[in-house]
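Here the structure comes first, spelled out in structure tokens, and everything after it is commentary.
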């Protein structure tokens, strides 16, 4: 698209009215139109920024972030998204708070939200907990808003939970759309979401789960490949199967990396921990069984080490479509002889795809900003039109 | 009030000219007019925000925060207040600074203030220290301003010291004013500030002290109740007595919770540590006597445990005015069987008052913003008028 | 200068076009005109702030800071500078990031820069590392910009490296310029950059190195004095010699503090660690040799203690020009009987110069803002003119 009007026209063709005043938890809770609205708004915001049109739609207001796991890129993406719209990030650092006093989620959620327009949460460590926690927070502020305590209902954006990583996969997908020239060109394309070896353990399942939960909606031939024992959440497998059926694509699980890579248009080789082991770990933490956790870690690392051959090699890449499938990763990757001896990908493969990988990552701030935008403005088309008319530059221009 | 002009008219009737370029340490250092100006400006700012009128009065400038104790709600309230006015919060994290190098308060205060319009400090841990430290900081920046080092004198806002917690009690009071339909309706109302049992120890005295120092000014019948041995600072008792006399109300101390609750219109049951013990603790810390501190902690917990019957029960609530006194708390509360086995309040009482409690907390950001506003603008009435004329929306509107 | 036009006229006489879209690493990599442009823009920004003219030139955008050493004044100076221009500071806290996962500098640099207009880094601890790291970051984002990954190239500002501390020395110099009434008055003035005793060890060399690398450019008579064994980087000595030659001043090294102070117009007595020892320490850290580090620390403290007589005393001050040389320090200073028993300066000397010292520090935010400004705007003169015409106040005015 070449003008802002093109994005507005696209939005006019979509039904996304349910996104207004709503949250973003899982991609499969959204309609196709709603997902396309996110990508369209993300592209429009990028277009405006690239053309030095300010997209500051808030004069004041906070964007609250809560990271229950370390983060660089998601933290900066959230901060960038908030800043782009005029919201100031305030991080809820649980270590510096009084939450240890036994405060309820309901109370904390309201106490931080008096002037909050959005809350972004990353809570991906424990199976059955992260997504549930986000819902608790959302329920609390929704009630607080209804009860007249909060003047606005902050939108909740899932910055990675135990089930899905929607800001990542929506950015991945926007990258794919741009690489393939449009959603309409994805039908029939083969995508391989495959496990890969890493010397670390306990990497979240939210990326592979999020990928099969989203990419199966475009009519693609999606293969999830992993060694036996590295199964993902069964519920998400069901989502993927049902998506594939509806979209006219296919979904299958394989225990053979070569099978998945064969003729693939897109490959996404990445390590994760077995779902069953992560469930066990959650229970061990729940019981404070530190010896059990150490034993589990040792066991998992040993199990991983049996599968060092699950690596994205040049040899495997040659077997993909024309030998040049689009290689994806959420970063940081474990690169052979760079970040570790044996890892997820050979250095020469990674190097060749460095620019596309960084480009892939660059969509995340815009995807987050779009999720906030669609929750906050009922008619983004009109807002875009007015912003264009207003011609307020992001960076002062003479 | 229904229009911004109503708030402006109210301000026109008050004398608060001494607040301009001044700090906010203790409520009893301010006149009645000055306190009413704070509440009026707070309400006006809330009115404007609710009507989507931007109150951004700074294009740039910093709000410095220094928290020497953990904090969630005060931290977010201060951040919200600054953001509402256009100031960016910059936290002085003493752990990340060079202050350990032996730098003086005077120097640090100036070094962080070159572009600071406000400094908010929480320093409530040690008797005789917190308020004194805030004065040191204020003196330093006042001198820096006079000496031409600083282009502006940052306003100091006491976010809780060893003596008072003015942003809390001013928010509490604004809540009371709204619940009772105006300051003029408070005369003769009975308020019970009572101790309550908590399994933790060492809770600051600033809330009960701040409450009796402020609430005695409205002609109310104020009772401070606590077990023997839980006395507060004698100086603040004197303030309360003198306030009550001047305002035509009353103030007395009781060692009987039931006596305090009887026919009360407002109850504020909350744990605190004995003043004498806190003084002792300050000395022990001063001498680095860690064994002494542990012994004191054990002693205080045992002493607390003798008073588990000091709990805000349904039974006690029934004895209040019509059985429905307004229940207040600064939060988080120790709730029976929720945050601990025995605590300050029964769960059913707390639950019934949850919404009013959250509403009470929601005034704090506005009270802080009002304190900053009155220190920074000589004529807030004119500023409000111009902001209304300008009609710049907080959130973009079409 | 009295009007903004005066600063604009000054800028019109200078050639600084290479600063646009460029970084600021070392002062000696910049031309005289470029340095003067920094001072002029810094003064112009201060003039505008003092006259309540908003200098907000960004509606959105991030200023990324990375502090690999504790910092108060540089942290707040950077935050103030960004805020003054409209950028929001986002701190990269390596402890909270995923960088430990083995991510490359190139990757991290790009991941945090999607909406970053400036990156400020302090990395002064290890010889041969800090400046090199900054170049790695700059190279990475320059490449990212060229490859279309970043929409803008963030300017890199050196907030202190192992070689230079340009934001400090440029602020020092701006202070000198104002004190002496113009650059043109500095020719022939004697400046003594001297070592002084401190009971701590391992203070960075970047200040003395930065001072002799910059102050030798003004035709001044610069003496670097220190006890034997406290040599600075030989490369910077060469820079200083060459500068002095070109500028018609002089540069020499002395091992006698009295010799340096004699008739000096400006004195800068400050502790630092021997370059050779710092090189050794870097190697010890590289090898993880903690015993070696402890031994080195002990050795260095003992070595320092041999030179307690290197103190800026009243007696020494009397020997300076008319007994009243301008005393400089980057702060915090080790003051006798205040921050330590024996230190860098007698309390009465420090006290007498407190105001000028704080004034000296007050230039740093403006110097940083000027560095950013010159990197971001090709024609600052036009921007100033338009800002003045726009007359948007920093603080709301009626």
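Brief remarks follow.
Per-chain residue numbering starts at 1, and chain names A, B and C are given in the order in which the chains are listed.
Heads up, the rule we're going with is that a residue touches a chain if its C-beta (ideal position, glycine included) is under 8 Å from a C-beta of that chain, and two chains touch if they have at least 3 such contacts.
Small disclaimer: the values here were computed from a predicted structure and weren't measured.
Taken pairwise by the contact criterion, the protein chains are fully connected, each one touching every other. For the touching copies chain A and chain C, the fraction of interface residue numbers used by both falls below half; the interface is of the different-residue type. In terms of their C-alpha centroids, the spacing between chain A and chain C amounts to 41 Å.
Shown for chain C are the residues that touch two or more other chains, namely 88.
Residues 49-50, 54-56, 67, 70-73, 75-77, 79-80, 83-86, 88-89, 200, 331-332, 334, 338-340, 355, 358-359, 361-362, 364-365, 392-396, 398 of chain A touch chain C in their complex.
Per the touch definition, chain A reaches chain B in the complex via residues 57-62, 88, 90, 92, 96-104, 107-108, 110-112, 114-115, 117, 144, 147-151, 376-377, 379, 382-383, 386-387.
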